[in-house]
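Please find the structures below.
Look at the two complexes coming up: chain A is in both, with chain B in one and chain C in the other.
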Partner chain A sequence: MIAETGIPVAGQETIAPPRALRLLRPVQLAGPFLIALLVGAVVLFASGRDAIGTYWLLAQQSLGGTSQIANTLVAATPVLLTGLATAVAFRSGIFNVGVEGSLYVGAFAAAWGWRVDEVVTTLMLNYVAILLTSWLVNYYFLAPDIANSMSPLIAKQARLSSLLPPSQLTIAFVAALLVTLLYAYFFDRTRLGYELRMVGLNPRFARAVGIDLAGAVLIAFVISGILGGVAGGFQILGVNYRFIDHFSPGYGFTGIAVALLGRGHPVGIVLAALFFGALSSGGAMIQLFSDIPLDLINILQGTVMIFAVIELSRLPFVKRWLRHA
Partner chain B sequence: MPDAILSVLAAAAPSTTSILLASMGGLINRQGGIVNIGLEPMMLVGAFAAVIVSAQTGNPFLGLLAAIASGALLGLLFSWSITRLGANEIVAGLGLNLLVLGFFGYLLPTVFRIEGTLLPPGLVGLPKLQIPLIDQIPGLGPIVSGHDVVTYLSWLSVPLVSLFLYRTPLGIQLRATGANEEAARAAGVPTLRLRDFSTVLAGAFAGLAGAQLSLGVVTLFNKTMTGGRGFIALAAFYFGDARPGLTALGAVIFGVFEAAGFRLGSSGIPSQLVQMLPYLVVVISLTLVAVRRERRLRERGRAAAASMRTAVVR
Partner chain C sequence: MAHLSVGARQRLEIMRLLYRKADVLIFDEPTSVLTPQEADDLFRVLRRLAGQGRTIIFITHKLREVFALAEHVTVMRRGRIITTVPTKGSDPQALASLIVGEQFERPQLQEAAERGDAVIDVEGLSVCDDLGSLSLREATFTVHAGEIVGVAGIEGSGQRELVEALLGLRHPVAGNIRLHGRPVAGTSVWNRRKRGIAFISEDRDGEGACLPATLAENVFPLARYDPELARGGRLRISAIAAFARSVLARFNVRGAAPNSPARSLSGGNLQRLVVGREIRKTPRLLLASHPTRGVDVRGIAFIHEQLTQARAAGAATLLISEELSELIELSDRLLVIFEGRIVADLPAAQATPERLGLLMTGAA
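Let's look at the complex of A and B:
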């Protein structure tokens, strides 16, 4: 179950990199963003749209004013939490791609301790969770007089109040930042966090020094699942005010991109979550103001994910550049 | 009631095809050492290429070829990112899913100026083949006869994939690569190229699977038409432990679930629960397999300890 995930995570390099690779570090960190923006620009240009103008509009609509910034923070909240959920698992050496699903059921523990392939089981459980909640809402919690599959609105008292009306910026964002601090404290300062990190770095060594691997995996899964569940809960209490069938536009998967881009580092995770928050809030607005579909954001996000795991130093032209440097 | 079962089975044949083909591709890839969760986008690309080429040429069979070629090309690019550039196969696969879905979501409204369904003029679907004599048999006829050519190809692919993997030198080298890459390389097997080759095959199978959806089941393209079948295919070859026969059985079971799901909606059984079955079956079967393996390991350990004790006593 615990295997080399091959996910680059901050503070887990065992060997000091040679000078040429150190030069590459900033490129490796900023590279996926830049390549994604480039790919997006090519797609925009090829379909006869103004790439620079679109990006400018995207920036304005996500950062250009108080309400725009508030919307970006609202959009960053769920992906910050799912990013942390994924990072907790990654740093413990587990590949949890089931955060999308835990968003739906709150929390779940996958089959553990028997070395079941966690990637496939968590991936499959995503579908189970989405379908299970779809069944529940359609058969038992359906709001009367509404054609779409939603539960009734939750009580006014139960809703999170806005910090900055009329935006939907609530205490949820602050809470997500606090969770980030907890995450940093947990991995850097607590014994359990240290043990989980060791399990992620080198499971054989961890077992040799007496760490209970099955227990560590279970703990990492539970923390990860809880964070995913909190992300879903906040979305209901602070934004949607009801359960909506298939409500998540892939927050769990964006969380994987957030964890990867942030390299598991708390500051990196916050920055990556803000980036994706800005993309989705700005993207929703440009879909209103222009004929550019929100799907552009998925193109950017997919490219970021692919290039976040590609070792740029192995690209032929980068290799040549490194040799000169 | 038997009529209902027969009609479900007749409907299950075409709905099994794409799952079966994609799962055959996925299992070749798995045997070569790569878990391919990019089958879904490869199917989507195949479905799109098939529709475009069939509409341009008026020939659905050229559409199939285009689907195979485009799926294979995407497979090659995906494989390079993993084998040559060190990408994690799961993250790259999830990224590919988002990228391709986003690409078609962007392409259809901006370039083709349509929301939803692409139905280019001149689009020709695959003909349905009636098998003489067999189509006269009551009950069995509609199950075996009257499907598109890709459905029959998918049935044929199961023994062919099995022959390829277990009876040809290339297939055996491929399995050696997947089982232990370092040992295979030491034995002179070109492991990187073989892993790429297995992903290219997976892409080709997935592309053909997509074409069966867009030219066989229906005759149109939209970005949600694969509907998670690439992941059901993943479930099928995990259920079948990447062996052709068992995987095909899994694909057929999941195809029947899908065909039954449509009908059960009206009979009061929630369709969500039926749709959930493939995923649950996989999680449960993977867990059972792992539990059994763990128990065997423990017993072997106990036996080894016992034999060591007797050795020491002697």
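Let's look at the complex of A and C:
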């Protein structure tokens, strides 16, 4: 009987502390990363290694010089774009797990100047995209005289030139930052962005005030797919110079973590992308200079991922979904 | 148990509590889904239990129930206990003042307006609920400009489906809806809103407002195509903030800035915002679904005032409420709905709570 009617009681007027929705809380945001470093330190200590020394080496190899920083930015570029791709969907109340697939199609299109209908790109399932591009490269676009499954190199004029030779830092990173600004502008300053945000925060409210839900979902998927495709395209034009079968080490999925840990906030997303970029560039180098196994990097990533999953359960539409389940 | 009436289910629940030898029974707004007759039955049961030495705590926002049932009343405001007084020697006016915290005068409501042209014509409208069973059966009625038509009925008798069909949230299975003589079938919610349909939802937190968004974002949606506020798809942030401030001021939403989150408002203040958003421009048809639910006494008076002002300005209003006194006081005409059928269409002057209660339960 108690509260069975679901009717609020008169006078039940709680004044919740106002939540600064738009302000980033640096401490909260940095929390998962600091805890990950702590967990990694415990593991290092337990295996008899010098944790501080290892982290120092990791920091040096990812941030300790111009070329190290350049490599970190190069590594951050694709996950920044896939992070934005995922965040666009999240903020519109949908979970686009197809970013990885869009990335492949975008990459393939870049390698071939092929015009792709982005709606198709977006809605295509990851495996369909990955296997389709794999099939295309193996049967139709295979580079002659090479045993691996890759396309011929793209023309030199089509490659993005390095801003900082010999690194592969190109305007792709600058473009990704511009896309971040566009992302912020879109959600905060445009009517369509406002509509998508309302759909993400409360679809019943959005519907009652006359926002077309089906249209909003389609638009969010399309934007998300385009960004995923751009991530793949830049990777080909700026880093690989050719389409390589199964070239992505999971950029699309890392993008999910980037979007979650950045809490959909543009600055947060950039910071999270830089973190993953640093881990991947520093982690690759650290093996050359020490006996630290790559597993350490995996542990750090894994710990951060746990927090990403916790973040996931705090998304409004996931909360609703959990309540109904 | 599903086939039992709500009143019977409540009695079953009480029996279960007694079986577990409960000495203190707490009721939180138990009458909101009951007819007046069922509520009276419940009160009889509760008085007998109190007579047997049990303690009854009864939470309600209906002053009438306090005086009909309780010996002592405790007034709470914003989480604080204000006072506890015996009901004998107190009166509704004094209690209302205690609840709102100051002298409280009921505002004068606008008198009934001149009835204008038909705004909405509903003919043979049948609507299914989510489970596909027929919730509204062949409803036929008309609402005119300058008229409030009340809908009385036990909750879940097809009111929600009727409102959804009128707003465009749900496709009817049969029948016609005409707005100013033109059919609306197949048009979108936004299209209908542009043609002057406004909607105060009964579910303020879930549908009427967007709690995680700011107040400005809650006021803005119906004006989002206004070129003053959004030009070429770009939002004009300062213009929107000024617009929100003006709506908040006009509808007396207190202690609120445009960029504070909607979650920080009390229920009554948030409902003022919702009402303000919906009737800022006088709607042609206002669908007001339980507009005063969960609203404090002062907020209720304000909303009543706004509804009658909209009527005076020529709005056609369909008012759905569980408060029979509210329906009788505000409406010009009353429709009574029972199991999805409109079983009576009578002038409000001829309605009494008892008669409505009988009609609502199919007993008359």
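Everything that follows uses one rule, which is that the second predicted complex is superposed on the first by the 256 of 325 C-alpha atoms of A that agree within 3 Å, B and C clash if a C-alpha of one lies under 4 Å from a C-alpha of the other, contacts with A are read in each partner's own complex, and residues count from 1 in each chain.
Here is the rule we use: contacts are C-beta pairs under 8 Å (C-beta built on N, C-alpha and C of every residue); 3 or more make two chains touch, one makes a residue touch a chain.
If you're wondering where the values come from, they're calculated on a predicted model, not measured in any experiment.
Q: Would you check which partner chain A:Leu63 touches, where first means chain B only, second means chain C only, and both and neither mean what they say?
A: neither
Q: A:Met198 contacts which: chain B (first), chain C (second), both, neither?
A: Touch status of A:Met198: second partner only.
Q: Pick one for A:Ile171: touches chain B only (first), chain C only (second), both, or neither.
A: Once the two structures are laid over each other on A, A:Ile171 reaches no partner at all.
Q: Taking the superposition on A as described, I'd like to know which of chain B and chain C A:Val97 touches: first, second, both or neither.
A: In the superposed model, A:Val97 contacts chain B only, not chain C.
Q: Of the two partner chains, chain B (first) and chain C (second), which one does A:Leu29 touch, if any: first, second, both, or neither?
A: After superposition on chain A, A:Leu29 lies in contact with neither partner.
Q: Between chain B (first) and chain C (second), which, if any, makes contact with A:Asp295: first, second, both or neither?
A: A:Asp295 sits against chain B, while chain C stays out of touch.
Q: So, A:Leu37: does it touch chain B (first), chain C (second), both, or neither?
A: A:Leu37 contacts neither chain B nor chain C.
Q: Quick one: is A:Gly250 in contact with chain B, with chain C, with both, or with neither? Answer first, second, both or neither.
A: first
Q: Between chain B and chain C, pick out the one touching the greater number of residues of chain A.
A: B
Q: Return the residues of chain A at which the contacts from chain B and from chain C coincide.
A: Common to the two interfaces on chain A: residues 5, 7.
Q: Within the complex, which stretch of chain B touches chain A?
A: 35, 37, 81, 84-88, 90-92, 94-107, 109-111, 228, 231, 234-235, 238, 270, 272-273, 275-276, 279-280, 282-283, 286-287, 290-291, 293-294
Q: Under the touch definition given earlier, write down the residues of chain A that touch chain C in their complex.
A: Going by the criterion above, the answer is residues 1-5, 7-19, 21, 188-192, 194-195, 197-198, 201-202, 204-212, 316.
Q: What residues on chain A touch chain B, complex-wise?
A: Result: residues 5-7, 43, 47-49, 95, 97, 111, 114-117, 119-121, 123-125, 127-128, 131-132, 134-135, 138-139, 250, 253, 256-257, 260, 291-306, 308-311, 314-315 of chain A touch chain B.
Q: Along chain C, where are the residues that touch chain A in the complex?
A: Its residues touching chain A are 10, 13-14, 17, 26-30, 32-33, 59-61, 75-79, 99, 167, 169, 188-193, 199, 201, 203, 206-214, 217, 220-222, 224-225, 230, 233-235, 237, 260-261, 263-264, 266-268, 293-297.
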